[in-house]
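Labels run A, B, C, D, E and F following the written order; every chain starts at residue 1.
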Amino acid sequence: MRIDQRESATMRVIAFETNVNKHAEGSILVSVGDTRVLCTATVEEKIPPFLRGKRQGWINAEYAMLPRATAQRTARESVRGKQTGRTMEIQRLISRALRAVVDLEKLGERTVWIDCDVIQADGGTRTAAITGGFLALVLAVDGLIQSGKLTDTPIKEGIAAVSIGKVGQELLLDLCYEEDAAADVDLNLVMTSSGKIVEMQATGEEATFSKREMLDMLELGEKGIEELLRAGQDALGASWWYVGEEVGEHR
Amino acid sequence: MRIDQRESATMRVIAFETNVNKHAEGSILVSVGDTRVLCTATVEEKIPPFLRGKRQGWINAEYAMLPRATAQRTARESVRGKQTGRTMEIQRLISRALRAVVDLEKLGERTVWIDCDVIQADGGTRTAAITGGFLALVLAVDGLIQSGKLTDTPIKEGIAAVSIGKVGQELLLDLCYEEDAAADVDLNLVMTSSGKIVEMQATGEEATFSKREMLDMLELGEKGIEELLRAGQDALGASWWYVGEEVGEHR
Amino acid sequence: MRIDQRESATMRVIAFETNVNKHAEGSILVSVGDTRVLCTATVEEKIPPFLRGKRQGWINAEYAMLPRATAQRTARESVRGKQTGRTMEIQRLISRALRAVVDLEKLGERTVWIDCDVIQADGGTRTAAITGGFLALVLAVDGLIQSGKLTDTPIKEGIAAVSIGKVGQELLLDLCYEEDAAADVDLNLVMTSSGKIVEMQATGEEATFSKREMLDMLELGEKGIEELLRAGQDALGASWWYVGEEVGEHR
Amino acid sequence: MRIDQRESATMRVIAFETNVNKHAEGSILVSVGDTRVLCTATVEEKIPPFLRGKRQGWINAEYAMLPRATAQRTARESVRGKQTGRTMEIQRLISRALRAVVDLEKLGERTVWIDCDVIQADGGTRTAAITGGFLALVLAVDGLIQSGKLTDTPIKEGIAAVSIGKVGQELLLDLCYEEDAAADVDLNLVMTSSGKIVEMQATGEEATFSKREMLDMLELGEKGIEELLRAGQDALGASWWYVGEEVGEHR
Amino acid sequence: MRIDQRESATMRVIAFETNVNKHAEGSILVSVGDTRVLCTATVEEKIPPFLRGKRQGWINAEYAMLPRATAQRTARESVRGKQTGRTMEIQRLISRALRAVVDLEKLGERTVWIDCDVIQADGGTRTAAITGGFLALVLAVDGLIQSGKLTDTPIKEGIAAVSIGKVGQELLLDLCYEEDAAADVDLNLVMTSSGKIVEMQATGEEATFSKREMLDMLELGEKGIEELLRAGQDALGASWWYVGEEVGEHR
Amino acid sequence: MRIDQRESATMRVIAFETNVNKHAEGSILVSVGDTRVLCTATVEEKIPPFLRGKRQGWINAEYAMLPRATAQRTARESVRGKQTGRTMEIQRLISRALRAVVDLEKLGERTVWIDCDVIQADGGTRTAAITGGFLALVLAVDGLIQSGKLTDTPIKEGIAAVSIGKVGQELLLDLCYEEDAAADVDLNLVMTSSGKIVEMQATGEEATFSKREMLDMLELGEKGIEELLRAGQDALGASWWYVGEEVGEHR
């Protein structure tokens, strides 16, 4: 039995609150257990300099934590004068993950900014940010289609992310903070609705692991991803686009 | 009639959601119209170096806006590498305001951090931050009393803040964003439950104003402050401490 | 009796030394008691990016203190790597104040930089900077008129600033450093030659104040402003432009 | 056939030049094809603040590229004023990897800094840095043993790293720059001499991959790791410590 | 004839105004022609960390220019977020120069900060800063002696600095800005009252020079140094300490 | 006898390894004793903004030390967030020196970046950087000529640099680290193949020196420069350009 009474292969409660911000082109408040991340999508009708003349768009994610998202207050990065390595690593991961399921040429010469701000942290903030960031992106793309700026969705399929860990001798799905802090091995999995892997980062924390353990963790992750994708589909309702491996219709 | 159908002396809808953060010693989500500020209070059992040996505590506020709190996305200060002058000015204001109603010696040698993060902005974010930050502080002090770290409240009286402006020839209470952007004169008022002024900043934006106009704006502000204090009292319920000009009981 | 033998409503000695810098388009060394601020005006024939296409000019002030302007040496902001919140707050105040008396369209598409460098500090440096910065601006505008770049002055009226404070139970005009450090309430007043308020910032330092006290402080301030404006007029002599509420002639 | 005539499962030429720096406690110039990374180990007889009282040591790696390590000159991070996200991500990876094979308590209260400076880049700089950084660490530990500061090696086993990629439909071991730039999927594998995984990062670059492909890449990687470990063993000669899965003798 | 009618070996007008700052332990406003540098000396009763336990003091100089010291306004280093290379180079030079004539052990465990702020620039600001900074230091040391903190002066001899240049085919003493901008070779000479060299920096600006020219410039410089030292001696009057090569009496 | 058995006028062993970097347009690994500096030249077909419209090119040098180039590990400037004053001073010196022997108009509208990275430091890194940076520049210019981008060399003559010092009562050529640390006077000499001085910086470290000593050090330096130029000529072989005082042929 886990600290919060879950089975090893059980996800925490997943919830998505849509359109929580009146300004953003898309917004989602994602909750996975006590982890809550506010994800907003901003459509900007320009592209970064390095894409000039390439006739494509871009997805750029930023990630941050409010100072008291954590049990101990964390100093603001704006006060420190720079982002930490952890923050940079996470926002690079989110950006890459989302770009993997978007046809950037179809998106057109525009940038979608995905801002993932952790309101409350309890483990798995980066994976929640990917899962929620994707839904905010879907809502923003819906808006582009409804306003006629896009005729067809550039989104190729659904995507979600989850963490799995080895705590003591147990392999556990969807780690909460206490489990994450105690884990010897940590695996972050980003996967699409067609079951393809986008990113898989398995890390020993002053520890190592076998190929067998890695495969078992992967299997746990696949189960979690499926639940997350299904919950996302439910949250977006009629606007959602995906059944099984096929990309569905926008409204 | 105002853009949102209010009378000139009518406040927007005020709402306080308490204990919205499981980690913080005190937390409030304050809404004034569409402006929403998440205020958390963190108790830290140490004091800044300049207070060493002075046998007193400290209150320190920080303020920030999420990138998409605004109609146009605002670049993160952590990415820019520093806080803007506006941010610094606002957090100095919040800090001073809250310290004015706290007996810092009674607080003891500890620091209370008040983090005010603007989730959604629609005018009056700095005044909402003061109003909500104070309630988060009350909750944190309640906790110190309940845990026996304090026997008596160091809070001397209630405090709240509101903006008033001159838009065209009209004097208006509690400006929303459109009004704020159009205002020639902007007055931010911070006042206590005993009707004393803590801070009053009246500013002409490429414009000037008469003493008469200043006094009329002040009067509008007094009305708004009273509503805000009453709403705050209701929100904190039995834990609240103040009736009329007297400081009441903690539970 | 005050620490320097003044009555409560008496200003310190005011002095303006004009054209103290051979490079600047306008320059003033303003002394108010032992506070000395070197103000230079620089005319730059371009405008900041956010004003492109708006057919108007801009006034931008910067403020700094030499390291040993103060009793204790203050570390250089260039060494710290950033300006303090106090500096940013002050230079935003100076900029706003000066823009309030300038017709920015009449100024044309140019920027006037007002640099206010505190050579020696003894209280009231921000108000001295506004008072002196305005005179440097007048001199720079004179130059634009004499060189034919402007035919008519864009300056709408005179402006000056002064501080007033509550020290113990006394309300005092034009605080020196010791008074400022001891004050419970501090009011900075920026006012025009026609008696209009541009900015009024009344601040309780861990203290509060009544509306009555605020009005009494305002009255003291009005007296000080009048003396400052008169002294400024004398300093600029024939080039000066103002009698009573009317804007006079440039040479 | 690959761009440099290799088979898909063939490593580039591996070379280690030992003791290339007269100051460092351990130093290695590692070459993998045209990628050359200078790795130095510095023993510092103190620990970072967060380890106070924990009776253990620490390994901290830093990574950088010389400006002209790359085909196009890269601006110095010291001139930009900060490290890039890529740099931070890489040095966090190297640090974690090396800590996984060191018994930090046995190391004692000291820090070993591993500096990995890329002299010339041609793909796989982060994996070369891990492979070489480990050998520099071994040399530094040898020194600690020889000088009597340590009696027993804190190194638990050997470690090396390699990249594998999917380029078009091919899975390729040890990517050179051109292959890396063209790869749809990139897998960085860090593995120990006992065949355990320390870190495995598989990333789709605007692409996805199947579990099957991941496993095939892993298998290629295992082959490369073995060659790297063997070459490292040869380079350190008599001082080396490892045969098969067992940890051998220090001289 | 030079642009300002001087002979090639003639210094500009030298003036020292003493005790221009009421807070500093020593202060001098030095003028050399139109170059004016405000030099203050601050005595701090502590030493930098690297001198702990060495039983000696330290001299540390900082240099800056006011934004409008120059013909074109120069952006503030505090706004840029860092000091320029030129500033750093100059303040390192001033620091070294002053330390060369002070017995740091005799100074005791204290730091003297020399702040050199250029009020107006017209060539030779770094040399004027050395010349004036030294006099500010003398005044601060005088204060230490008068207050009984020192019994004997740690100043070994006088010091001053001057620039010499090659403009066209002419060798000129004490360059003004126009000459400095046109010079092919620039020599900054720092020399003591006993005729010893402390620092000599001769620099070709996209040009070279012969040993003969260097020696001729040096000779011009010696003449200038002597005038500067004499003028400094006159300015400090009875407090001054030096005749010929001997160190004189403090008052 | 010196610490490394040299006579006072004897240079350390000089070695140049050419074309050590496959990406750079020119590259040299220069060794002077145990000091090793990697110099690369990068040709960039654009010019800095301040040269727009001046029909000339530019030479810009950057200098840095690897963390463990030194006996004690030096913190990275990228981690500190800025370059030190020492670094800035040195790279300004290298840049000026190289520009002195290049006809910038003949170079055409392009920039040559000279990166000097100290791999191992043992005194004289800045002078080795000039000596080696020049050879890297020659190789890059050779490339421009061979590719037809230049028809004629813009290099006017050869250049090299050396340090001389006064250690105790001895004047010594080409100081190693121990000598440098013990030196009272330090002279860095930059000279051309025609015997002209480009830069001469003689500095007393809390010490002074006579004109006689300066001239004797200069003479030692001339000897060292000649050896360095000759060694450079040998290293570049047929591509070299200089015999005696005449500029020779490029291949």
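Here is the rule we go by: contacts are C-beta pairs under 8 Å (C-beta built on N, C-alpha and C of every residue); 3 or more make two chains touch, one makes a residue touch a chain.
Just so it is clear, the model here is predicted, and its values are computed rather than measured.
Note on connectivity: the fewest chain-to-chain touch steps from subunit D to subunit E number 2. The set of chains in contact with subunit D as well as subunit F is empty. Of all the chains, the one whose CA centre sits at the greatest distance from that of subunit A is E.
Farthest from subunit C in terms of Cα centroid separation is D. Note on chain placement: the centre of subunit C and the centre of subunit F lie 52 Å apart, centres being C-alpha means.
With centres taken as mean Cα positions, subunit E sits 60 Å from subunit A.
If you average the Cα atoms of subunit A and of subunit B, the two centres end up 34 Å apart.
The geometric centre of subunit E is 29 Å away from that of subunit F, both derived from CA atoms. Counting partners per residue, subunit A has 81-83 as the residues that reach two or more other chains.
From subunit C, with subunit E next, the chains follow one another around the ring as C, E, F, D, A, B.
Interface of subunit C with subunit B (complex): residues 82-86, 88-89, 91-92, 96, 99-101, 104, 192, 194-211, 214, 218.
Chain contact summary for the complex, subunit C toward subunit E: residues 21-24, 27, 34, 38, 40, 42, 44, 62, 64, 66-71, 73, 76-83, 87, 113, 115, 117, 119-120, 122.
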